[in-house]
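Letters A, B, C, D, E and F name the chains as they come in the text, with residue numbers starting at 1 for each one.
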Amino acid sequence: MTLTPQNREKLRQVSVSTLTTCLYRKGLKRVWPSGILPLAKGQPRLVGEAYTLRFVPAREDVGAGSYGTAANVHQRAFEDCPPGHVLVMDTRGETRGCSCGDLLIGRLKARGCAGIVTDGGFRDTLDIEGLDFPVYQRCAVPAPSFGYLHAAEANVPVGCGDVAVYPGDIVVGDQDGVVVIPAAIANEIAETAYEQTEYETFAAGEVAKGRTIIGLYPATEQSMAEFRAWRDARHGRA
Amino acid sequence: MTLTPQNREKLRQVSVSTLTTCLYRKGLKRVWPSGILPLAKGQPRLVGEAYTLRFVPAREDVGAGSYGTAANVHQRAFEDCPPGHVLVMDTRGETRGCSCGDLLIGRLKARGCAGIVTDGGFRDTLDIEGLDFPVYQRCAVPAPSFGYLHAAEANVPVGCGDVAVYPGDIVVGDQDGVVVIPAAIANEIAETAYEQTEYETFAAGEVAKGRTIIGLYPATEQSMAEFRAWRDARHGRA
Amino acid sequence: MTLTPQNREKLRQVSVSTLTTCLYRKGLKRVWPSGILPLAKGQPRLVGEAYTLRFVPAREDVGAGSYGTAANVHQRAFEDCPPGHVLVMDTRGETRGCSCGDLLIGRLKARGCAGIVTDGGFRDTLDIEGLDFPVYQRCAVPAPSFGYLHAAEANVPVGCGDVAVYPGDIVVGDQDGVVVIPAAIANEIAETAYEQTEYETFAAGEVAKGRTIIGLYPATEQSMAEFRAWRDARHGRA
Amino acid sequence: MTLTPQNREKLRQVSVSTLTTCLYRKGLKRVWPSGILPLAKGQPRLVGEAYTLRFVPAREDVGAGSYGTAANVHQRAFEDCPPGHVLVMDTRGETRGCSCGDLLIGRLKARGCAGIVTDGGFRDTLDIEGLDFPVYQRCAVPAPSFGYLHAAEANVPVGCGDVAVYPGDIVVGDQDGVVVIPAAIANEIAETAYEQTEYETFAAGEVAKGRTIIGLYPATEQSMAEFRAWRDARHGRA
Amino acid sequence: MTLTPQNREKLRQVSVSTLTTCLYRKGLKRVWPSGILPLAKGQPRLVGEAYTLRFVPAREDVGAGSYGTAANVHQRAFEDCPPGHVLVMDTRGETRGCSCGDLLIGRLKARGCAGIVTDGGFRDTLDIEGLDFPVYQRCAVPAPSFGYLHAAEANVPVGCGDVAVYPGDIVVGDQDGVVVIPAAIANEIAETAYEQTEYETFAAGEVAKGRTIIGLYPATEQSMAEFRAWRDARHGRA
Amino acid sequence: MTLTPQNREKLRQVSVSTLTTCLYRKGLKRVWPSGILPLAKGQPRLVGEAYTLRFVPAREDVGAGSYGTAANVHQRAFEDCPPGHVLVMDTRGETRGCSCGDLLIGRLKARGCAGIVTDGGFRDTLDIEGLDFPVYQRCAVPAPSFGYLHAAEANVPVGCGDVAVYPGDIVVGDQDGVVVIPAAIANEIAETAYEQTEYETFAAGEVAKGRTIIGLYPATEQSMAEFRAWRDARHGRA
């Protein structure tokens, strides 16, 4: 199922926290890779389909030959990840050698991709920040990938941190990290999360006015009625 | 013993580093939970009495029923923590499920509490930053607390990170983290730390002028005499 | 071999990432201590010779006596580290007691030293930020060093994090961390890294224009020719 | 609900692995504390009701006075834990100071208790092995508990490792570690686990004869029929 | 290249330590996964070709359906791993859910496979020990694999712990752990390791007689001459 | 001060747990390196003076040349450690490359040394077990030390695990690990620990007979009187 443009926009307006709650209610609990955070505070929001890249540990007798050629799995992924997609890298949490640097991420941006996520780390982070692009990692890793990471295959099921990512899953990121939404339920989740977000805006306003949280969050029938009145008033409905 | 208003103010003006030193001199070494840091750079200073909340690991057959009711130990703590107090959460370092989100922290602020500290992490951190409230945690945790954390009891002795916290202890926080001061010595510590801070201001000025640290820090009889002259001049005393 | 003033300046203009790559090509792979980062975003760049300080774990029967005297190995290092040098502290990764605070770092700055690096952490970090000095650490540690760290000797070979540091090695730091360059090859590395940096600037420009990374990075004969033309044009050479 | 003597005996004959599977099928997934293992290979099997003891981190101003008296919460737990029960210690994973030594465990044995489990470690392990008693821990910890652990209260809900333990839960241990069974379903679990164990004995025999695992494990209607015939034959039923 | 029967036998007689040294001399340094150890002391030596199985983290919406059928990737690997081969499991270090239990390992043994290695852990370890089969893991994990591990594909390049494993690599294990030898150099390594082992036997004898290690290990021309004489005498050559 | 032969013998008969308690009472709390355990169950007890060896992380441009010569700091330590002494290795916890193998440890035994302790790990552990020598380590490490460890200097103050070791300190080891006793108090500690051990033997007998721990441990005036009577009777005194 394809994510509609409206729902893609909705996902940009809801938080990762709200999405994990909506997924939890659908029975999906393992959707958030711990410790993977935005490179820069205030970088653009991340929403897009996952395009995956899987690494194995490097070994001295394997693979050096293809570096810099079109046959290199690592570099080719940055040419093949479709526009609007997020490159999700499964490095098995490698933070001794980098996942890539600013040139490859610049290429991803130039090609119209939506962002990049690794469970390892990037180098040249000051230059990457200059790209103003959605970038998620564990920590800065200035060392080259050689000796640590060998790209094995692209666009297969992978793990990123502690979470499964399947090609086509919807990846959403904000200040708290990223969440992975199975493609089949992405439209539904976008809608319920958007409505939940509106309720939370209503509730935050009530709390700021001094109202108790009990009976307000989680919502009750009574508070839902108040919410609907608030929302109608806000949207200028009679 | 109650912390006097003057000493509460003094604690707001001294650093956590100075306080750990003053406590060390009184034989108290285990007073600072490592790895628990302010959510946002520049948030207000934290000073207040500890009100504690203890969690045990969640188990599927326990406790779901009370969520959203006044009987829920987790939510009730945010209604019961007295104004001026700090809610200190013992999650056993849980960072897979959140300690709470922006609505509960907003409630704490609305009720006049002094701040919140967890040895786990919070969700909705962007919204929490908007509250401009003293918030300390290990890392952002967007996932719900369900499945990970079950609140067992409030206002009992707890551990927060690697440190004991007893109800009524004074909790102080700055950019370097938080420190826990036993209630019985809080006034005394506030006074010695304040004096120590004045000395350090004097010493930093000397160092900036090019003076050697030897004979200046730690203080000597000679440097104390210079300090007292400096302080008297500064305070306009003859 | 002494680092020339020109090459010292070049090292200030190249990134730690580029330096690790140049060192990798010379067969030096273990040159970057993971997890040691700048205290403050935007602090000055770090370049200087290493002056080392080695700690052992503190023990209750050893060393308290010399504190505050010229015989104290810890404090003396801040008087002895030569101007232009970087004080590199081997604490065995200790983050329960601090490596030092703002007064000692202020002294280092006043004496014209180039910066400080620890594989532990510093206290009084807000005051340290005010010094506008290159400072690298693992995390803030407000607690005193007593009980955790005892300075054993200065200017011997040490480990800092996972990396060897020999007195006189050149230490360079930026946002991604620090790198250690053996003194014997520092001039050579400065020059190749500077050239490499110019190529990367050229390549980043090409990427931003939409050019594929294949055939551009790593450089090919063709791309090098383009680069030389670009560089000549940029430097106003005919 | 009380565990019947027959089911207590059945629990002694089934493995922790089989029990975690049976609990998983009832929706209970968080029942096994990782990394807590038998002190000695070949020690007696562990089955008994949980009696809990909760520690907080020690602090220098708290609690030293009661040591060696009947008012000491730590020592009193070894007098109060009922015969047939298991003392479960929540130390928050403390392995720098011991949970206790051989004398206290000897007392537990002399009083007819069923065993002891800590998420920290014990001292005098050679002497403890000599007691031939079911003992589970993380690792040997020869240092005293002073300075690290302060017993706060007994027989309250606790965490042990990553698992909740409520007073009265049934704790079972074998070579793979321990599992916690909620009291309310202990009889049911004992029975299904016992039956499951018989099936696994049948299946292991089939596998040893060269039969494929597909269609055998998990059980199918066909394999269940074979199992029942095997069991009847084994038990001498016509 | 195929491992000859003579070299397979030689590999059974040399240690993992000697093999890592021989591989180091060929420029292969990343060949030993740290922390993966024999399940039981005294279990048979492990030598065989790698057959790999790759897992991704489990997700609630994926894969439960195939369990117990021939389509299940996890179970099918135990039917497909060829006789004489070693099943190498890449679980990304998962120790919360098991890699498998005694029934599947029993099947592997019954089919004539050479052993099993996981970077996670097995359940039913007492029963597995009874199989007297070469089994390597990180630690015992009694909990089911459900909820933690989903088998994605078999016989592709994987990581096991921190090491790459390609299908057909030769895996050797002893008390110190396992080592992975690239297939292309396995015969050569077997021969040099066997010779090296003979030298070490000679050297150990010399050391036991009181000879200094200097000039003996590493070998010198002189010590090699003595070794050859010793070997000839031992093998009864004139 | 020299350890008397009688006290050396007493240290062989008391446990590491009893020694940590006696040291604690003298104000020495940081005397036991966590996680460093005997290589083999049942190996001989360890008692001897510390001779230390300090490593720094290896770097590709340093030190390979001296390997196998008398100038090599690593190998020379095994020739220089005096008979009756314990070689204590400070590897900074390195477990990717070994501290040494069976040949060097065999040399140490042949020279009459008392044992070896590393905060890293040894290779060839099966052969080391065959030496029947007191050996303490963190875990088996089959890989060579090259690339990871470079021996910097011998017989200086070091850290081993989390503990300071000074040349001449007395190192004692049993099943629970090792403890480091400052030379100046070793005779005194040996005597008090020996007496304490006798009391614990008395107390264990009382506990086995069913006596409560309260009033027995820690000792009271009353229990000490009983102990003295028991001891006199045992030693056949009137």
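Simple rule for what comes next: contacts are C-beta pairs under 8 Å (C-beta built on N, C-alpha and C of every residue); 3 or more make two chains touch, one makes a residue touch a chain.
The shown structure was predicted, so the numbers you read here are calculated from the model rather than taken from an experiment.
Participant: Measuring between Cα centroids, what's the chain most distant from chain D?
Facilitator: When every chain centre is compared against chain D, the largest gap points to C.
Participant: Farthest chain from chain A, going by mean C-alpha coordinates, please.
Facilitator: So the chain farthest away from chain A turns out to be F.
Participant: Distance between chain B and chain E based on Cα centroids, please, to the nearest Å.
Facilitator: Chain centres of chain B and chain E, defined by C-alpha means, are spaced 51 Å apart.
Participant: In whole angstrom, what separates the CA-based centres of chain D and chain E?
Facilitator: So the centroids are 32 Å from each other.
Participant: Calculate how many whole Å lie between the centre of chain B and the centre of chain D, each centre taken as the average of the chain's C-alpha atoms.
Facilitator: Their C-alpha centroids are separated by 38 Å.
Participant: Could you pull out the residues of chain B that touch at least 2 other chains?
Facilitator: 29, 147, in rising order.
Participant: Between the chains shown, work out who touches whom and classify the graph as line, ring, star, complete or other.
Facilitator: Shape of the chain contacts: other, as it matches none of the listed patterns.
Participant: According to the definition already given, which pairs of chains are in contact?
Facilitator: Those chain pairs which touch are A-B, A-C, A-E, B-C, B-D, C-F, D-E, D-F, E-F.
Participant: Please give the residue numbers of chain B that touch chain A in the complex, ascending.
Facilitator: For this pair, the touching residues of chain B are 67-70, 75-76, 78-79, 95-96, 98, 101-104, 106-107, 110, 123-127, 139-144, 146-147.
Participant: Using the touch definition from the top, list the residues of chain A that touch chain B in their complex.
Facilitator: The touching residues are 15-17, 19-21, 24, 29, 32, 34-35, 37, 174-177, 179, 200, 203-204, 207-210, 212-218, 220.
Participant: List the residues on chain D that touch chain B in their complex, please.
Facilitator: Checking each residue of chain D against chain B gives 27-31, 56-62, 92, 147, 150, 152-153, 156-159, 162-164, 166, 182, 184-185.
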